[in-house]
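Taking it in order: structure first as structure tokens, then the write-up.
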Amino acid sequence: MTAFIELKNITKYFSHVVANQDVSFSIERGEVLALLGENGAGKSTVMKILYGLYRADAGEIFQNGKAAAIHSPRDAMNLGITMIQQHFSLVQAHSVTENIILGNVHGAIDREAADREVAALAAEHGFDIDPRARVGDLAVGVQQKVEILKAIYQKTRLLIMDEPTAVLTPQESDQLMKFVKNFTSQGNSVVFITHKLQEVMAVADRIIVMRNGMVSGNLRKADTDARELSRLMIGRELTNAAQVKTERAGGEVRLALDRVSVSDHGAVPSLADVSFEIHAGEVFGIAGVSGNGQQELCEVICGALTPVSGSIRLDGRAIETLNIHERVKRGIGYVPSNRHRDGLVMNMTMAENMLLKTSFDPRWLKNGFIDRKRLDAVSEKAIADYRIKASGPAAILRTLSGGNQQKVIVAREVDIGEKLIIFDQPTRGLDLGAIDNVHKIIRAERAKGKAILLVSTELTEILGLSDRYTVLYKGRLQGIYDRSALTVEEIGLLMAGYQLKEGGAHG
Amino acid sequence: MIVGLLSRAVLMSTPLLYGSIAEVYAERSGMMVTAIEGIFLIGAWAGFTGSYLTGSLLIGLIWAILGGLLLSALYGWITVFLRQHQVVTGTALNILAVGICAFFQRVIFGVPTTPLTIKPLPQLAVPLLADIPWIGTILFRQNILTYALYLLLPVSIFILYRTSLGLTIRSTGENPEAVDVAGISVVKVRFLTVLLAGIMGGIAGSFYSIGYLGMFADNIIGGRGWIAFAICFLGNWNPKGALIGTVVFGLAEALAIYMQSLGGQSFFPNELFIALPYLLTIILTISRRSYNVPAKLGEPYVKEN
Amino acid sequence: MDEKLRDSVLFSILAVIAGLLLSGAMLLFIDKNPIEVYRILFSSLFRDKYTFFDIFVKATPLIFTALAFTFTYKASLFNIGAQGQFYIGSVVAVAASLFLQQRLPGLFVLAIVFVLVLAAGGIWGSWIGFVKARYQANEFLTSMMSTYVALNFMNYLLRTILKETKGEYPQTNPLDKTVWLPKLVPGTRLHWGFVIALLTAILIWVVLYRTPFGFRIRAVGLNQRASEMSGINAKKLYVLAFFISGALAAAAGLTEVNGMQHMLIQGFNPTIGSEGLGIAILANANPIAIIFASALFGALRVGGLVASQVAGIPPSFIELMQGLVMIFVILSNFCCGELDRKREIRKLRKAAS
């Protein structure tokens, strides 16, 4: 029998990278196919081509052995293909029903009938969703269910999901896996785009590994193991994020938060009564599913947000009323998680980005003008020290790769953060070489006696680097723990909002 | 006097409502039609010229629609398909519109010795309704373009909120990616709403020339396109809000005309009343909390890079 | 980088030529020979000293209004109200000059008037920045509307307290020769305002690209959130940028009143703001390129005027030329972007194969 979908020699160029080159594989009926690879390996691109969002520069697609002309998502949907984007594609301001029927109705809309239809569909698949709820008000996990419902509403036979578990707690992920199993048992297919090996081993029937835009492996799960997959994915064997044994941090208290609260638009506090201390020479980790107050925590420390109550002290002096600029002067560096939005100006040069946070500092001035020689010298030094691949200080930041952009911001913040550096998801979207590099820098700065706050959704990163850590859930700390105090399962429960009690977890 | 003023206000509101409904539709799809002032002007000129040359107001109206359509198509092509800056493009087109109208006015009419005029759209009294005291005079002794609005307004509300087309338009301004992923062409939706703005804007512009003045002058629009643009903002991007906005501005304008007829050489600042709609826009822009602004208003949709 | 710059210059020139060609074609509608009209238009520019230097007389206020748009544009703000700020500058220039001209020596008066004009234009502009910062009021709308308010304010003054002593027309008394901006080239209308405009353009470039203040303006314009997260007070910059923008546009009022008209007449220079905007677009918002783009627009205006007198083409032909040139410049921006993209892809293909 011919494969449900067959991709042949797909090639795609973007203006800055070759996204896919000669990619060929098939998708069978009733299987869960994992598309495994590092960030930037071209997994999403090839699926977006299948879904008609991108057009391939070369290559063909066959359905049931027949050449399929897919020029738009509409064509793909008519063939029974649906794709859920990594960051979803929902209209936040509209209701669940409006999102589900978008593009699938004609003429006048009978709102009540549509609501009823969606409610019935949700009930059928065991989803607890109010069709009239505004999507923007729903938790991320629920938004994903809306996306899945939308696909089911379109009677899809192949569901492509891009990094679906990135926003979910371990428990929510399990639910999703159950749905996937159930969905494929009815003869439908699922493509799982992911970079997580454990996930692949848990759910996939077959695995396509991609590296640098090309297929580097096509295997049945039964015939392979994590070791082989990681070798195919990164070209070398994965070593476990080594826990470097170091002296217990014993420096004085550098940063102290005492009952800090931040209010979100008045109603729900996005940080509530957060208290912890970070010592000099200590890495303090913040684990948790993203969107639970991590960004607010970082911003309240760096000065972008003002707490409604509580105090923040740096070396014993209260800083909660100081603005960002004054805190920068006191030696607080901050590497934000969304570097494009919060940390960098993409259309400025590398040197100008180095200047961004300290443009008030007289050291950059000569006769009232910017001392360009000095700025260039500092930038050249950063390029050399951090091995940034850039043509020079005058390179426009946009032309650098993601990893090198991250190096620029890390170089700047390490320089600013003489006392404290906040790293919010510092390795998100980086390839393994770059991740390794960032980890080395964090360890080196810790060794210099700086206090480091590390926010990450990757548990291995938290456990590999932190001296102590906490879990954030809905703006509250779920206790503070030493590095080896808890198992991954226990942390997972904390991330989902459960409290740890003697002898197990309770809601 | 009050009835006269209100009746005049309805008259002055009419083109503004055409313009602002068009702008609401376009902006809901993410497109600021910043060429609206030029579209109004082209509409006024083409409407007048068409009517004058053919002697038919209907043909003039069709010319106005075609004129608006042409300019909006150019605007849409540059901003939607070529993804150029909406404000910059609109400004260039507004200047071009001034040049086109003045130049072709000269091409067609030469330098006339007496001012060119036509008989404007007649006032039609609706049987029975026009005899209702007060309201009859205010609402039912207007011209055909005003009456068309009585139908157009509810229809535009229905389409925007109760049909798949309206849902698509609203989604396009909020999250074009969602529309794209749902298999609908974002550029098509946006281009269509811009074309719609051209049609409606053309009618609105023609209202000034063939609707009641019966003549054309280079400064006939005098910022009214921008006021329609502003009303869309102030009316919170919905046709009902636009209605309230246009009535307020129509009143302000009727008041200004009335005051001008009183004021003469005195120190009385009747200029204040002429500036009233503009002052009003500023005050309302400052005081109005707009919470409904389409999330992706003014941003071109770029898929690949 | 070099290829990009080359493309951008080349395509701007092509755009200007295309704009002139298309508008020339329009002349066929009125049975004029475009080649003949353009020959008259361009040769007339060099027919005598007076006409030639008039190009720069016309360019002077345009440099200011183009700079006004550019300065806020760099902060990603839209000041569409340069026309109104120009009117405010004109009113203050004429009023202060008339009041002071009998009382103080001429150069002294000019210095005071200059400061007053900048301050008045700056304040008139900065409220737009202020309401943007304080109330998130859309600056595009408020600045647009402020022009009409300024216009009516000026008309009111011209009808009342500033009206000429004869009381005939809505215009002011002429200024004393003592408070005129001195002539730069004898026998022409070119005055020192042009030099001030040139120096201002260079100054604005230096401020934007060589000072921390200008750096912060550009940073806010390119990524407001990242700038604010970096400790830059964007709201303060909004007010400052609009102050400077308003002052720049008002300076055009000074050069027009004290340098050119030597009085204020109702309804004068009604397109100076939008032309400035067009020039800023043509110059890709580069202060130095603005000088050349202004000279081009000035030349079109001077040559167009002569051509309308000599060859009998309508004066609106000038707007037609300017509008079409702008449209083609916008189109050329698209072409440059596409060329750049294609070049990158070609490189990749080469590297891949």
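We just call them A, B and C in the order they show up, numbering each chain from 1.
Please note the rule applied: contacts are C-beta pairs under 8 Å (C-beta built on N, C-alpha and C of every residue); 3 or more make two chains touch, one makes a residue touch a chain.
Predicted model, so just to flag it, every value in this text is computed and none were measured.
Taking chain A out of the picture, touching still joins the other chains into one piece. Highest C-beta contact pair count among chain pairs: B-C. Look at where the CA atoms of chain A average out and do the same for chain C: the two points lie 46 Å apart.
Separating the CA-averaged centres of chain A and chain B is a span of 45 Å. Remark: chain B and chain C have CA centroids separated by 28 Å (rounded to whole angstrom). Residue positions of chain A touching 2 or more other chains, listed in rising order: 14-16. Listing the residues of chain A that touch chain C in their complex gives 13-18, 21, 299, 302-304, 323-325, 327-328, 334, 336, 341-348, 352, 355-357, 359-360, 364-365, 368-370. The touching residues of chain C, when paired with chain B in their complex, are 26, 29-30, 78, 80, 131, 135, 137-138, 140-142, 144-146, 148-149, 151-153, 155-156, 159-160, 271, 274-275, 277-278, 281, 314, 316-324, 326-327, 329-331, 333-334. Those residues of chain C whose C-beta lies close enough to touch chain A in the complex are 206, 210-212, 215-216, 218-219, 222-223, 225-232, 341, 344-345, 348-349, 351-352.
Looking at the complex, you find that chain A touches chain B at residues 14-16, 51-54, 72-77, 83, 85, 89-94, 98-99, 101-109, 111.
Across the complex, chain B meets chain C through its residues 74, 78, 82-85, 87-89, 91-107, 223, 226, 229-230, 233, 265, 267, 269, 271-272, 274-275, 278-279, 281-282, 285-287.
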